[in-house]
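Naming follows writing order (A, B and C), and every chain is counted from residue 1.
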Amino acid sequence: MSRFPTRTPLTLAVALASLSVVSTAVAQPQSLEARLAALEARIAAAEQRATAAERRADQAEAALDALDDADLEQRLADVEAHADGDLGLSLNAYARSGLLLDDHGKSAPGGPYLTPAGSTGGAVGRLGNEPDTYVETTLNYKQRFDNGARSHYRIMLADGVTTSNDWTADESDLNVRQVYAQFSDLPSFTGAFEDAKIWAGKRFDRDNFDIHWLDSDIIFLAGTGAGVYDIRLSDAWTTNVSLYGRSFSDYPVTGSDSPGLTGSTDNLIFTLNNHIGDWQWMVNGLSANDNDERDTGSEATAADSGFHTMLAYHGDSFFGVGEGSFKAAALYGRGLGAEVKSLGSDGNLLDDAETTRLAVYGTTYLAPRWRLAPAVLAQHSADRYARGDSYDWATFNARLANELTENFEMQYEASYQWMDLDPQGYQGHNAVDGAYTKLTVAPTFKPQVGGFWQRPEIRLFASWSDWDSELNDFAGDDALGDDTFNGGEWTFGTQMELWF
Amino acid sequence: MSRFPTRTPLTLAVALASLSVVSTAVAQPQSLEARLAALEARIAAAEQRATAAERRADQAEAALDALDDADLEQRLADVEAHADGDLGLSLNAYARSGLLLDDHGKSAPGGPYLTPAGSTGGAVGRLGNEPDTYVETTLNYKQRFDNGARSHYRIMLADGVTTSNDWTADESDLNVRQVYAQFSDLPSFTGAFEDAKIWAGKRFDRDNFDIHWLDSDIIFLAGTGAGVYDIRLSDAWTTNVSLYGRSFSDYPVTGSDSPGLTGSTDNLIFTLNNHIGDWQWMVNGLSANDNDERDTGSEATAADSGFHTMLAYHGDSFFGVGEGSFKAAALYGRGLGAEVKSLGSDGNLLDDAETTRLAVYGTTYLAPRWRLAPAVLAQHSADRYARGDSYDWATFNARLANELTENFEMQYEASYQWMDLDPQGYQGHNAVDGAYTKLTVAPTFKPQVGGFWQRPEIRLFASWSDWDSELNDFAGDDALGDDTFNGGEWTFGTQMELWF
Amino acid sequence: MSRFPTRTPLTLAVALASLSVVSTAVAQPQSLEARLAALEARIAAAEQRATAAERRADQAEAALDALDDADLEQRLADVEAHADGDLGLSLNAYARSGLLLDDHGKSAPGGPYLTPAGSTGGAVGRLGNEPDTYVETTLNYKQRFDNGARSHYRIMLADGVTTSNDWTADESDLNVRQVYAQFSDLPSFTGAFEDAKIWAGKRFDRDNFDIHWLDSDIIFLAGTGAGVYDIRLSDAWTTNVSLYGRSFSDYPVTGSDSPGLTGSTDNLIFTLNNHIGDWQWMVNGLSANDNDERDTGSEATAADSGFHTMLAYHGDSFFGVGEGSFKAAALYGRGLGAEVKSLGSDGNLLDDAETTRLAVYGTTYLAPRWRLAPAVLAQHSADRYARGDSYDWATFNARLANELTENFEMQYEASYQWMDLDPQGYQGHNAVDGAYTKLTVAPTFKPQVGGFWQRPEIRLFASWSDWDSELNDFAGDDALGDDTFNGGEWTFGTQMELWF
């Protein structure tokens, strides 16, 4: 119903009145008296109309006031903040799921860490190489307080299985990988702490970053602890300080009088993470009391402390030679820090273990519809798990995409990995030296093409991989140790991948 | 605060001015000069009022423009789309939870598959017969892209336990049953593919359908793969094409030289699913390489391939004799296709296995507040797991409901199941022949009565069930094999059931 | 674009017309004829302006009508209801996560139930004493039906682990603790049932309440069942009626001819819970058929029934002596009711078991920025698990907080617990008698300080605890039985805690 119920009669009355007046007004020449009378009638009608118009204006203004657009705007902005995930509940996800089949129609071994180098982080390209359904489900709850402070609560459920069945209760790895709270915009934080964010709980560090195409983080710091982000030391320099704990549980302990004894300890990681312009410099100290009592299987002593550092550059061009982006990082770690990616996650490292790793990738458009993303990941690691061992490898990878329509692109990926591994008998592994190559072509559907990070994708793929047969000897229980997977392999499949 | 800060003074001034003019205007007869002067004053006042009214109109129009209703409408529509689950995050659920007690106050065996026929899919009525807390939690995330394309991400967590305790970590079956992405409205898809939807991941097929009252799907296709829905071949004919993989894991393998050896393979299901008017015709080919190496426990050979087809009719009346609905389906499968409902889920089927199944149900109102839903499910299956075996059964079920108030109805359910099972010693099972009967009455509360699919419901119930005692001999470890559950049983309980 | 496309030309025309009229109008003295002509021109212009203004008013009113504010208000209210969690999907959570380290940097034993008294519910203060990541994730889905009825569906996922690692698939206790539906505002419920809410499923009872600082419920009723809340017996008196089932699974059963035999039964709890003004009076009857066949490890007989009652007062002042709140409850149980907090959860109770428990706490501001919350929990329990045993203890706890800035407060907590436990050899436990003391200081960050229940919090803490060394002898496998945790212990850590 209209909010102006009285309008029609009034308008009609006025219109009729003025019509009658007008009809007399346009008549033939009249006496002054008649003209005056007519004018008086017209002015009376006009006054009536003015009164009516004013009443209507009052009503319209009252209606507009009732709408109270400032309040309306606030209410709309508030529900939009909820819809946009800026307030209240929101969802983030990473998911991939598909089939990876060999040429007999059976599941093939796969995963970017399938080569012997993979056991110490040497990933190869992931395209057309993933056998699992892996999913991260993140719920956020964001609050804004009366004083302007904000809180962000996050919980992540994660699961990974390789079965293709729908009911996976027996294989399920469902678990809570993150649950933390982070505060920002705190009014009583001023000076260097004005933009600081504080957090506690279990989390992935905010400043982790990865080479997506290798499914390898460049740095992955995660665990339970607390910290502060974005302490501003100068205009260009901000720093994060945090303490993360990780658990080493139920490892065998040395000691002739207690066979079967196990120990547990915590690996505490103290982190300083500096951003100075485009540079990132991270320094980590690690301590795991009593981890040196661990039975290493040899005379060597496990580390009970460690050091780790990373120097990285985040570039906003394609290595300075074109539009795009690049990232480059050099990492070094010693003792417990010698697992240079997944900081603090490896308690088997020796006190003399040392690792140096280099990670580089870039993204660019070669031509309007041709995207290219090359990457290099290389490592030298020694005295890692057994005295005199070494794990050296280098991966060269490139993904190329040709955007053919709004919803379809052809993707190509080539991986080459060289490795020279000398485990010195650790876990019964054998020394190997050789190379692995993988080529993939993947017709890919997308709701909208146009970028390296544009997801979701639905892809079909065919991969050909080959490797030096010596690599099959590294371990009996890894992918290349599988008797049915010996080199010159074709694999086929389909997969969806997305994040938001 | 009003958005018209200048209104009141101006209005007042004009009102006062016109009042004074009016007061002179209505005075006694005047000279022409006086009348003219009065008119001039009145017209001046009227002009002032017109100017004021125009200014107010300007302000009102500016305020209305600021409200910008097209934008407002768009913003409201957008947040409504989020609230309605058409964009962003939304939740779907199926859940049931309650108590099923015998007349000693202890948990009773139950479930629609409790009879020997249940082992090959012969369900009986579920009302007052469910002992578990089963819950499906589905999160959707829907995106609309600039080019109009849409993406739907879905993840389902499912769990089922029979314990009544709240903390169920030890019994938990929590797992990810679905996780997939589906794209639609793709601008570069035209012609027969204009309405096509493509998907990949792990899912329940969209076109599965069930007999709700028996908790039995008529067809249940699920697994990991990819496909296309709604390819339009003609005005009346659309078709879906998909490939689903399922896993057969760690089954015993024959071979005298390798006792204890297990094998694993993938059961690949290629599907064509046609909708032609009200008819649905589905054709499936199945292949599980090396499944014929499975140890069947006899000389018979397990199937490594299969064929399956279903012809169904989706009716929009109660079998043509009244208002309502009905569905009827005939299914046939051979080899791996002989599990005609849960396609591809049974790797123990023999290469000669054959199954024919008929499924029919309808819904109608017998009278204004009386609902009736009868159903029939019947099967003949032979050479299923052992040569010469047969699993024949037929279930007749009817649920009747009498809506007594807005929030309360009486529900009644009757089930009769005949079975003639000859397992030929498979898994130590014995041949049995007989019938099972169950009658249930369930006073039921609902927020709003009025339909077969209207949920949630909270119900109390009492069930009486009886069966030929010969059925207790089929297996020692099934519900009827339970020593304390011999026939002539009363069970009682309470339950909630819902979906949305 | 403006919705008033015709405005500018019309306004301009009128303005020009009136300007020209005005310019003549203000000229020198004129003849009557000239004045009349001028007036006629002015009135014509005024009439034109009135017509234009009326047209603009029509347009503005049409625009306002199009906005249709009643509908707009309804639509906004609807999306706000979704954003606020009053309709549709919403999230609730409880979470805590952090590190609890000893002075060697290793995880320390902890938890409010770490003392020997904890085995029968004797909690001590939780601040600076929690070693776990515990999280409850609750999804709600609220519906409003056409007839005004409302439905609330709730599912809670819970998990608790002590590992600090992010990937916890091996340790995960993720499980569904609640899943139920509750209906309210049912139009056909009238009279005493007008405000009644009915529910079924698995849940925590709505009227459970706790002493937050001890992490101890005063009453915790949970399980699977159905019930009715808020039946109004008089103006001041409402009552809840419910039936909860709980499962006792796979317990050893006595009987010389069947060693290793286990039994299972259901513990049914029938509850009447009355609210009479500020008083709450709860009466519970429990029955677990055949639980008396349980092997108690002695001649004593396990209970197959029980009785439980609680009288509580919910005060809206600090014990009548200041602003704040207090709650006080006396609980008594016999047989299966002798576990007086977690009703029906303990099947090992003897038929003669008796427990009396007192619980009191209050909250108040001692001064503008000083909060105090003292609590007492005390129990006498006898013939609990073995004839002649007794479990007597009393905990005195106080948490003090000093709000120093908008985002920071100092929290202090002191706990003292006395205990005299005589298990009569049950489970190999030894009789002990002694006291435990814990003092904690916790610098605490909050988005906004200001209340006992204001969360989230991020805290650092240091705790000192000491106890009579005799308490170490109670059990070999509890926290105090740990060889490395003997008294005079310092622990340190960080933690986030929140709920919403």
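To be clear about the criterion, contacts are C-beta pairs under 8 Å (C-beta built on N, C-alpha and C of every residue); 3 or more make two chains touch, one makes a residue touch a chain.
Everything numeric in this text was worked out from a predicted model, so none of it was measured.
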| item | value |
| --- | --- |
| Partner chains shared by chain B and chain C (touch criterion as defined above) | A |
| Chain B against chain A, contact positions shared by both copies (same if over half, else different) | different |
| For chain A paired with chain B, centre-to-centre distance based on mean C-alpha positions, whole Å | 32 |
| Chain B residues counted as touching two or more neighbouring chains | 32, 36, 39, 43, 46, 50, 53, 57, 60, 64, 67, 72, 76, 79, 82-83, 89, 157, 159, 174 |
| Touching residues on chain B, where the partner in the complex is chain C | 32-33, 36, 39-40, 43, 46-47, 50, 53-54, 57-58, 60-61, 64-65, 67, 69, 72, 76, 79-80, 82-83, 85, 89-91, 93, 95, 97-99, 101, 104-107, 133, 135, 137, 157, 159, 161-169, 171-172, 174, 405-408, 445-448, 456, 458-460, 494-496, 498, 500 |
| Complex interface listing, chain C residues touching chain B | 2-4, 7, 11, 14, 18, 22, 25, 32, 35-36, 39, 42-43, 45-46, 49-50, 53, 56-57, 59-60, 63-64, 66-67, 72, 75-76, 78-79, 82-83, 87-89, 139, 141, 143, 145-147, 149-151, 153, 155, 157-159, 173-181, 183, 186-189, 198-204, 222-226, 243-247, 249, 264-266, 268, 287, 289-290, 345 |
